[in-house]
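Shared chain: chain A. Partners: chain B in the first complex, chain C in the second.
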Partner chain A sequence: MRVSDRLTVWCRRIAVMTRKELLQLFRDIPLMAFLIYSFTLSVYVTGNGIQTQLKNAGLLVSDADRSVSSRELISRFHSPYFRFDGELAHPNEGFVRLDRGGSMMVLDIPTRFHEALVSGESTAVQLLVDTTNSPQGLSAAGYAARIVGQFSQELIMTRNGQTGSSSTTVPMILSDHRVWFNQDQNETWFESISHLLRMITIFAVLLPAAALVREKERGTVEQLLVSPLTPAQIMLPKVVAMTLVILGATAVALFGVMLPVFGVPIRGSVSLLFLLTALFIVATAGIGVFASTVTKNQAQVGMMTLLVVAPMLLLSGIFTPLETMPAWVRYLMALSPLRYFIEIATGILLKGIGLEMLWSQALSMLALGVSLFGFGMWRFRRQFR
Partner chain B sequence: MQQHYGPSIHSSSTQSSVLSPQPSDTIVNVSGFVKRYKKHMAVDGIDLEIRKGEIYGLIGPDGAGKSSLMKAIAGVLTYDEGTVEVFGTLVDSERAAERVKERIGFLPQGLGLNLYPDLSVEENIDFFARLRLVPEQQLTERKTRLLAMTRLDKYRDRAMKNLSGGMKQKLGLICTLIHEPELAILDEPTTGVDPVSRRDFWAILAELLLEKGMTALVSTAYMDEASRFHRLSFLSGGKVLASGTPAEVQMLAPGSMVTFEATPQLDAIARLKIRYKQVEALGPLLHVFTDDTDPAAAMQSITSSLGIIKPMQLRVNEPELEDVFVALLLRQGEQPTAIEMPPAAPVTSNGTLAIEAKDLIRDFGTFRAVDRVSFQVKPGEIFGLLGANGAGKTTVIKMLNGIMPPTGGEGWVAGADMKTAGGAIKERIGYMSQAFSLYLDLTVVENIRLFAGIYGLDANATDQRLKWIVSMAGLKGYESSLTGRLPMGVRQRLALGCALVHQPRVLFLDEPTSGVDPIGRRHFWDILSRLAREEGVAILVTTHYMSEAEHCDHLALMYAGRIVAEGSPVDMKRQVEKEAGQLLEVATDQPGPALRRVTQAGFVGAALFGTKLHLLSLDPSQDEARLRTALSSDGVQVQDVLIRPLSLEDVFVYRVLVVERQEQATVKGAAA
Partner chain C sequence: MNVRRVAAVAFKEWREVTRDRIFLLLAFCMPAVWMFVFGYGLVLDVEHISFVVVDRDHSSLSRDYLYRFYQSRYFSFQGELADEGEADAWLKSGKARAVIIVPEKFQERLLSGQPANIQTLIDGTFPLRADITKGYTIAINNAYNVDLLADHLARTRGLSRDEALRRTRPLGLEVRYLYNEEVRSTWSTVPALIMFSLMVSSPLLTALGVVREKETGSIYNIYSATVSRMEFLVGKLVPYVMISLINVVVLWLMAVLLFAVPFKGSLLLFFASSILFILTSTGIGLTVSLLVSTQQAALIITVVVSTVPTILFSGLIVPVSSLSQAAQFQAHLFPGMYYTNIVRGTFLKNVGPAVLWPDVLALAVYAAALGAIGYRLFTKRPSV
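Take a look at the complex of A and B:
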């Protein structure tokens, strides 16, 4: 057989197998429904719903003073950060209400609060904060400290200068900050992008793994093994088909939800983004191929995916920055393609940078992809020996 | 006298409204039973009556409605119309079902599906016994006895998942019967089980029935097991086609089976098909079912329709129940799809062998799965590799297909060395596995095109082969149906078509016809024999379904990785007849006591076969006399003694038992 003939046959095999994968996927109605939901509605809900900023923290007040000053202080805890949940009849009730949940904080103002302030004495208020959800709790405590501090500073200034415009008499440093890349500090941008990355990761592992294990489960892989197909010709079409499908879904999420609804900007090159997304999917698919070689059926593959993908998602830097993690986790995450892809995706979308700055991440992902894929392939060949 | 339905043909859902006072020994009474799954009608009006102490059989292909009916009787499935009475209780609600469940043992379909794979044999039995609140002492007694009967006592501590298929099924039977139910409902207990375990299975069941007065309802897809039942119903498409005792059912399609050799075989078949609906090629033999009951008339009519072709070795037998079922199905209007096999490519066999295996060995660790296996297959030959699960058949095929390297030995397939030219072999062979290995979520045409692409056919060649496959396999009208919705028989022919898409010279079939109805199966074998005879394709079939093996030109029987017997079906039968004798079938009025008496009288290997006794005899006339005296001294009346032709299953069981005995002897010899 001539080389060109061999090439034709090779391409024909890849083409028919890819077509088969696509047909099978499109006819798997539950899976398709899950896929469509994940890249549309779920992106919208997550982008809108997840808030890390303080919002609507329930505040209970035990005001033993009932004075002008106490009312002034209470009034400064206002929406959207705080929600006034009412006054307590007795200070001890505060513990009960915190135990029961619903409210997050109890502000306890002592008697003689106003009297002390007027007479120039020091006084204190007590704030009980429920930090079960620690980021929210800590941030509420921080806000509260700032409110009380501000109030106290104003009292000092009024007392010193009587007018309030006497910043000259007191030495002060004002900190002024300017935010970049997301000037409105619009949280929906970051949340929807990270959700999209999560979904891409999950499907990049799950789809090829499920497709391969389904062949094992139904016995069709036997038929493929006795045919002249090589292991690469069996596996590659699955990855090609799944990559196409996930890229399509990504486009839907990006141009159908994130751009029109949330106004997420695409500051860099769209084609570069999709090219590197494809590379990411192929690299991650290597993990899926491996998962399919150590499992026997689709249920096991589902569990395996959860086991591998959950730490990847949690530790790759979407939820919390990599820098905050212990050193060993950071080294481990060097093996996660997602760790690099986060920087690539946010870099292209929000910062508008290109390969000139992202080449090291892209190269790392490529190297990782080749090794993961190679390892998956090796396992795939081996399991039928 | 009991109420008696007698033979009857139920043409549709006509309810025989026999709701007269029931005899006290009726265990199960089903009437007008209908079960639908959404729009699909699974069972369409069935009447059935099971009496105390009998083995009642439900026979039919996959999807005939057997499982639905059995589950409803076991009280685990609701139904849409009709009544189901078990032990006189109308089972129409969960509470009613709970009342009868205690007295029922139910073995669901599937090898060992009701068992726990990680528990040992003993733990499984204990679990089921305690679930049924069997007192510990009785449990110990029954367990010891049942384990001994099933020859599983050596494996008490082995985890269930490490048992062979036959052993799993025997364990399933023990667990179903450990609480000594009055009614055992066994759903396809012998499917996928090797002949020796199958025979064990029937022997155990027969013995327990006799001893405990148990009743059993058993379903099977194997037509040749029909004669093991006391009474039976033949189901097809959710309806009863025939019911009664085997003899009564046989009367429904009177006729005879004419067997002969005729060359050229294909011409003979073409001539016979004009007049007869049932013409089958079994190796060199032809089987024809005629309506003539008189042997001489049957022979006469066959000879005249053959014209100038002279039949040789003409014999006339009583038809088997399977032939009767096929006749009934055909009468129902089911026509076998006509095969139009387009003209064949000229046979280019140059006398070389299609497959040659020479001293093949394969080890898995210290376990030798295949031990010096040698055989040859000529172009145009159908070669059968027989053996139980785990005998090494699949390993041999995997080595020959080039997907598993051998530990030792050599092999050539379609002119290529399997050690060095695995790739070339894969391009030249067709392979069809027991699962039919089709993509169920693709349509018929999509499946064909997929395999055409895999084998590298271009657009032109693909279109041509597509047409050929559709007409060869009778797939017209199914082209754009999803494969998962096809009946099993059609699916099987599609799988065959896909395996033939690149016109291979060698075809491997791994257990190809499980779950297919009898007409579908005959159609399938028609295609295979034409492929072999007309196109010179060499076909290697593995099977543990013995009536399938009859179709082969040459057989090799594998046991524990070795070939222990080889030859044509006729030769193998002749050889066993020479060594062990002919098969005697004894009909008596009291089968149970008769079996005991006959075994005492020194007839080794006598077994119950339905209501009749089967035994091998080297000297039939003398043995018959001995039998009659022994039995009549016990007051058992002998109704009939017949010499029956040996089946391949008899051959298989005989051969395997001989080897097992030899092995035990050597083990004992080594120990001493």
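Take a look at the complex of A and C:
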């Protein structure tokens, strides 16, 4: 047989097997329905719903002064960061209300507050913060400090006989922030992107893992092995079929939800995005393939993959910034394709950059994919000897 | 319900679990491993934000100002750019998350009593990080302003430096942190991780329970046996509930002994609600198992249904109160949120049933509803 003939046969076999895998997938109605839900409605609710910045932090006020100044200060704790939950009759009531939950902090304004400010003395207000959720508590305290600081600064201006606009004769630094790539700090963009990545990861690991183990569990893999197919021709079509399905779902999420509803921009190249998404799916599928070769049934493979996937989802930098991670986590996450793909996805979509800046991430993903697959393939062959 | 028949089904299921060594090992290891990895790894204090500077002034004052950023543990200095034009490449490649630009005449303006603009360019791709970066720079600028003002007042009014400093702070803020007085990130994540580990692992344990028998055909033994629907379902669940019960004790011990999180509330309340929570989470797995016909579908649906809302909508990191309406609705549909309230309440707040009863009740309703749904869905006379 000539080389070209062999190649045609090889391709035909792959194509036939891929078709078989696709048919098998599409016949599983609940699974397909769930796939559609995951890439449409779920992306919508999450993109729309998650707000990582401080929002609606419930504030209770105990105002012992009831003056112009105290009311002015209270009015500065406004939405979207704070939500006014009412005034307390007695300061001690604050503890009870915080115990009950719902409200997050209590602002306590002392008597003679106004008097002290007018007469040029210094005074202080007290803030009780519920830190059962520590980052939120710190963030709320930070915003409160900003508000009080601003209030204080304006007071100095007034005391020095300068009102409002003529702050020009005081030496101070004016903070001027420009947020790039997402001027309005629109959270739906990042949250919908990260949710899409989360879904791709789950499906890309679990679909091929379960499909490969199923053949083992049912014994149909024996049939395939006695056919003229090589192990690669058995394994590859599964990955190809799943990749096609997930890529299709990604396109639906991107063009059906994220672009029209959230206005997520595509500033870079769409074809590059899909090419690298395919690479990401294949690399991530490598984890599933690997897990499928060390387990015997679907229960095992489910546990095994979830054991690995949960840390990937939480620690790859799609949930909290990678900078926050301790060094050992950052080293560990070098093994997670998701850690590179989040930079690629946000890079292409929001920053509009191309391979010239993303080559190292793409290469790392490629290296991970090749080694996971190589190892998986080796195990796959070996276990049937 | 015949206890002997339930015991027989439970025993059969238990044998199946214990024979599968890998499964058994993973069932016990998974929650503990997660607790370990996330307890130490899921740190929420954002530090080491990489930044570069463009210093157009090159004065002693500009260096003095920038020094505050170099020193801060929140920032990590990457280098100085000769020209603002380079900022673009640094931000785009992700090598820097912020660029601080000191304008010309920075020192001149400040010394002559005029304000100076500091421009900060921030990478906004990750809004949380952008927001935190902004907060840190404002805090540093404000602290610097207080010093500037004090110096200015001391110079122009002839006040002592202490007196000038006092005048720059007419209004102070005394913050007192409650429940987690030292604001330790582990104290707030570790209790919630008990919820996470249980909520993600126990549905999966059960998920394949019924569908596996359907897929392999062994369910026909059950159809033709004398065991009733209820007896079968209860027997099926018992081993998995037991595994999760052991896990919750292990997780509690890890939280208290390994991570030294104080447990201030009532043990009885904690473990009683944990049982309810385990019933609901295993119930979710069982329901999925009854709805689908392949193990593959059961696996994926369970993972998505248990993992995603647990990460996003159960108060693990993002509090439920700051979610959108639709997401809050979804949060209330999943049991994780209620259990988070109970876990944080009993660990850190020392609140009792007087405060937590709505959450306990919600879990009880959830468990009962799932039981009823499972009972309705399972039939011994399938149409196909």
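Rule of thumb we're sticking to: the second predicted complex is superposed on the first by the 373 of 385 C-alpha atoms of A that agree within 3 Å, B and C clash if a C-alpha of one lies under 4 Å from a C-alpha of the other, contacts with A are read in each partner's own complex, and residues count from 1 in each chain.
Note that contacts are C-beta pairs under 8 Å (C-beta built on N, C-alpha and C of every residue); 3 or more make two chains touch, one makes a residue touch a chain.
Since the model is a prediction, treat every value here as computed from it, not as a measurement.
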Superposed partners chain B and chain C on chain A - clash or fit: clash
With both complexes superposed on chain A, which partner does A:30 reach: first (chain B), second (chain C), both or neither? second
Identify the partner contact of A:13: answer first if only chain B is touched, second if only chain C is, both if each is, neither if none is. first
Based on the superposed arrangement, let me know which partner A:179 touches: chain B (first), chain C (second), both, or neither? second
When the two structures are overlaid on chain A, which partner does A:90 contact: first (chain B), second (chain C), both, or neither? neither
Comparing chain B and chain C in the superposed model, the one touching more of chain A is C
Who does A:310 touch here: chain B (first), chain C (second), both, or neither? second
May I ask you to decide whether A:2 touches chain B, chain C, both, or neither, giving the answer as first, second, both or neither? neither
I'd like to know which partner A:225 touches here: chain B for first, chain C for second, both or neither. first
Clash with chain B, by chain C stretch, listed 220-228, 274-282, 292-300 or 328-336: 220-228
Mind sorting out which residues of chain A both chain B and chain C touch, each in its own complex? 28
Chain B-facing residues of chain A, complex: 9, 12-13, 15-17, 19-20, 23-24, 27-28, 218-220, 222-229, 384-385
Chain C partner contacts - residues on chain A that touch it in the complex: 28, 30-31, 34, 38, 42, 45-46, 48-58, 83, 95, 98-102, 104, 117, 120-139, 141-146, 148-149, 151-153, 155-156, 159, 167-183, 185-187, 189-190, 195, 198-199, 202-203, 206-207, 210-211, 214, 295-304, 306-307, 309-311, 313-315, 319-321, 323-326, 328-329, 332, 343, 346-347, 350-351, 353, 357
The residues of chain B that touch chain A in their complex are 401, 403-404, 423, 426-427, 429, 431, 433-435, 437-442, 446, 449-456, 458, 508
